[in-house]
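Two complexes are shown next, each including chain A; its partner changes from chain B in the first to chain C in the second.
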Partner chain A sequence: MPSLTYIRINHWVNALSRVINMELIKNKIKVIAFGMVAEKMQTAELQLEGIPSTDVLRGYLYQQYPGLEGIKFGIAINKKLTSGNQIIPHEAEIALLPPFSGG
Partner chain B sequence: MLIDQHNRIHDYLRISLTDSCNFRCAYCMPNEEIEVLPQSRLMSTAEIDQIAGVFVEQGVKKIRLTGGEPLVRKAFPEILDRLSKYPVELTMTTNGILVHKHIDQLKQVGMRTLNVSLDSLNRETFLKLTKRDQLDQVWNNILLLLKEGFRVKINAVALNGIIEKEILDFVALTKEYPLHVRFIEFMPFEGNHWKVDKVITAKHMLDMVKEAYDVVKLQDEPHATAKKYMVPGHQGTFAFITTMSEHFCGDCNRMRLTADGKMKNCLFGKEEMDLLGTLRQGKDILPLIKLSVHRKHAILGGQFTPDYQKTDAEKIQNRSMIKIGG
Partner chain C sequence: MRPKLPCSPHFQEDDMNRFARQIILPGFGQEAQTKLEQAKVLVIGAGGLGSPALLYLAAAGIGTIGIMDGDTVAKSNLNRQVIYGDAQVGINKAEAAAHYLKSKYQDIKIECIPEFITTANAAANIAPYDLIIDGSDNFPTRYLVNDICILLGKPLVFAAIYQNEGQIALFNTKEGDINYRDLFPEPPKDSEIPNCSETGVIGVLPGIMGTLQAAEAIKFLTGYGEVLVGKMLYYNLLNHQTYTLNLDKHPSSEGMLPKNLSAFESRDYALFCDEREVISWKKALELMQKNTSSLLIDVRELNEQPKLQSHAHLKIPFTGQNKVIPEMQEADDIYLFCQSGIRSLRMARLLSQTLTGKKIYSIIGGIESPDAPLN
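Up next, the complex of A and B:
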C-alpha cells in the first residue's frame, strides 16, 4: 500500500508533467523555407510544435525530409540569422535559408 | 602592436596610391580642385614598401589599396607585387573600370575580395555623377570579377535624389548575383557640399527595402563598419555603413596613409603625421606612427557631435575625399 508521501509525490509529478506537456504543445512555430531548401522539402511552409531549439529543428527536418540530405541551410528566428544552437521562443517565425555567400 | 588610448588595437592599414582618378564624382573630387600631386610628392614604390614594412612589423594584418583610383597609378603592378610578400590580407577599393587589365595579377597575389564603388545602376545618372559614360564597362567588369571567382562588394554612396529611386534595384541585384551591396551614408568632406538634409539614413533606407522585401538580419563581424542584411533566398547580401547616424568608432582598427605619405589616424581626423618626409630625411618613422595612434580621438576625429544633425560641415577641418581615399 503506497505511503501518503508517495501518493503526494506522484500527484505532484503528474500535475507537473501535464503542465510541461501543455507548455510544449503551446510552442507553435511557423517555419518558412526558401529557395533550394523549399525545393528539396517540396514545401515552403510548415507549422510545428514542441521544437525547443535550432539543433532539434535541424535534426527533425533532416529526418522528416530526406530530400534535405547534404543540404546546408541557415536558420533565422524572427528575422535574425542565428548561429550555433539557439532556443526557439514561443510562437517564433522561423526562416530556412539556402546557402549564400557571407557578405 | 599599435594600441591607442581607448584600448583599440590597430591592425588595418589603408594606403592611398594616388590622389588622381579617372572619374569625377562631385562628392569626392570637388571641381575646384583638379590639381593632383606631382610625382615627386607621392610615395614611390620603394617607399610604400618600406613604410608598409614598418606597419606590418607592428602587427598590421590587412592592407587595403585606395586612391583616388588605385589602378590609375602606373606603378600599381610593382607596388602590388612588393606588398604581396607581406603576411597580410590584401584588398582594394576601385571604380572597376580598369580592373580587367589586372585580374591575373590580383589572382596571383591572392587578393580574394574587391570593393567596387558604384552609386547608380542607371546609365544617365552614372554619367551625371562620374562625368563618364562608362556604366557598361564597370558592370561588365563586376561580372568578370564574379566569373573569375572574386568576392565582390559594391559600395554605393547613398545620394539623396538617387538612392530612393535605385535602392530596390541594388537589392534586386543580390537575388541573381552573389554580390554584397553596401549603402554608405553621405559624409562631409572639404568642398563636397554636404548638408544634414542630404543624408539618407540607414534606417530610412532599410524601411524602403522592407516595403518591398522580407529582410533577415545577419551577424556582423568584429570591427565591421557595415550592418548586414539579406533577403531570404537571395544569393547576395546588402548592408548599411552608418557613419553618420550610428558611428562604429568603438572598435575601430583602421589607420590611413595618404598618397603623399601622411598618416591619418582617423578618416575625420584633422591631424596628420608626415611619415614620408621623415623617411626621406633618413629618420625613424615608428615613433611618429605610435604618436599618431596615441593621439587618436575616441570618436569621429573629435570633429563631430554625437548627433549628426547638428554637424556644421564648415567647421570640419579635413581634406577632400579624393585626397584621403576613404
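Up next, the complex of A and C:
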C-alpha cells in the first residue's frame, strides 16, 4: 500500500503535469507579418494557439485570410528563417516574410 | 560663448582633407581610408536606393564608383531620387548622377554605364568592381544581379523596399555565403508582384535603406564594425521597428543558380510566365508588320514616360478590370506593353478570358526593355 504522503505527492505531480501539458498543447505563439502579408491580413501581429508546425500555420493563414492565397512568403521561427515544414516550439515568435522588390 | 581654441598646424593640415572626420575615428584611420580609395563599387540602379547610396559612397571617398542605369529621370522620381532635380527630368539617370558627382568631387573616379543590366552585359560590367550595390526595383533584375555576383564572386549589398518597409543584407562575401536565393530560391510569379506604379513610398524610406547600403559597403570594404552577413535587417518607417532575421542556406537554392556563365547568359530572367502569353519586341514588331490586323496597346498610365513614337498604338491604362473595346474585337492579334511587362501580362490574361480565339501577348520587359523601338 502506498503511503498517504506518496499519494498526495503523486496527486500534485499529476495535476501539475496536466497543467503543463495543456499549456504545451495550447502552444501560444506570436505571429508578426511584414510587407504585403501584413497588408493582406490587415494586421501586423497575431496571437495564436495550438499551431504545432509551419505547414499547419500556412494552412490556417490561407483559410483565415483568403487574400494570402498565391502570395509568396517565408516563415521565420524565433528570428531564424526556415525552409520545409518545421515544428513550432512553445511561445515562439513567428515572422511571415514576403519578398520586397522596390527601390 | 566658447573661446576659440588655437589649432595646431597638424590639425589644420588634417582639416584640409575632406575625409578628416572619418580618418580620426578610432579604429578607422588612414588605413581604412586607403582601402576606400582603392575600392571599386558598382551601383546598379540609380533610383530611390541608388541615389543616397551614391551620395554617401562618393562623400566617403570610394576611389571608383560605377553607376549603371538605363532609365531616364521622371518627375515622379523626385520625391525619393534625391540626386536629381527638376533640371534632370528626361536625362538618363546614370549620366545625370555621374555628372553631379563629378561636379562635387575631383578626387574620385566616376564611371557611367547608361544601360539596364541584362544577361548579355552583366558579366563585363560587373567584373571590374570589388563590390556591387543592388538598387534595382524589380525581381528579374534582383535575381539576375544575385546570380552574376555568385558566378563572379562579387560581394553584393542587397536592399529592397515595399511601401513603408525596407530590408537590407550583405550577400556572397565569400564562397558558400548566403545569397538571395537562400531566402526565395525562385522568383515570385507575376501575380504575386505588386505592379511598379501601384505602390507608393515616402522618399525617406529608400533614403534610409540606400544610406544603410552605403554604410554596409564602407564597413565591409574597410573591415570596420559588423556587417549584415547571414542576416537580413528589416526596418519599418511607420514605427521605427527593426527586425534582424538570421539566414541559413536553403536546400533548393544551389539548384536554382545557373551553373556557369553560358547558362546564365541563356537564362531569361524577365520571363516568369507561360511562353504562350509573352513575346519579345523583335518578334512582336515582325508579326505586326506581317499581319495588318494586329493591335498594339500601351497599358501604362497616360503620364508615364518614355512614350512610344515609332509605332501606331492605342493607349488603354490598365485598371485591373477587363475592358474590351471594339478595336480589340476586330483585331486578330493583340500586343500589350507597359513599363516593365508586369501590368501588360496581367491585362493579357484578363483579355484572354473574354477574347477567345485571338492571340494576346504581353511584350517582355515593356518599354524599359533594351529592345523597345524607342529610337
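The rule is short, and it goes like this: the second predicted complex is superposed on the first by the 74 of 103 C-alpha atoms of A that agree within 3 Å, B and C clash if a C-alpha of one lies under 4 Å from a C-alpha of the other, contacts with A are read in each partner's own complex, and residues count from 1 in each chain.
As a working rule, contacts are C-beta pairs under 8 Å (C-beta built on N, C-alpha and C of every residue); 3 or more make two chains touch, one makes a residue touch a chain.
Computed from a predicted model, the values in this text were never measured in an experiment.
Once the two structures are overlaid, the count of chain A residues touched is higher for C than for its counterpart among chain B and chain C. After overlaying the two complexes on the shared chain, residue contacts for A:H90 are found with neither chain B nor chain C. After overlaying the two complexes on the shared chain, residue contacts for A:I71 are found with chain C alone; chain B is out of touch. In the superposed model, A:S101 lies in contact with both chain B and chain C.
When the two complexes are superposed on chain A, the residues of chain A that touch both chain B and chain C are 32, 34-35, 76, 79-81, 83, 95, 97-98, 100-103. Against chain B, in their complex, chain A makes its touches with residues 32, 34-35, 76, 79-81, 83, 95, 97-98, 100-103.
On the side of chain B, the complex with chain A involves touching residues 151, 178, 180, 214-219, 226, 228, 230, 232-237, 239. Taken together, the chain C residues at the contact with chain A in this complex read 45, 47-50, 134-139, 142, 159-163, 165-167, 182-184, 188-189, 191-194, 199, 201, 206, 234, 243-248, 250-252. Note for the complex: chain A touches chain C at residues 32, 34-36, 39, 70-72, 74, 76, 79-81, 83-84, 95, 97-103.
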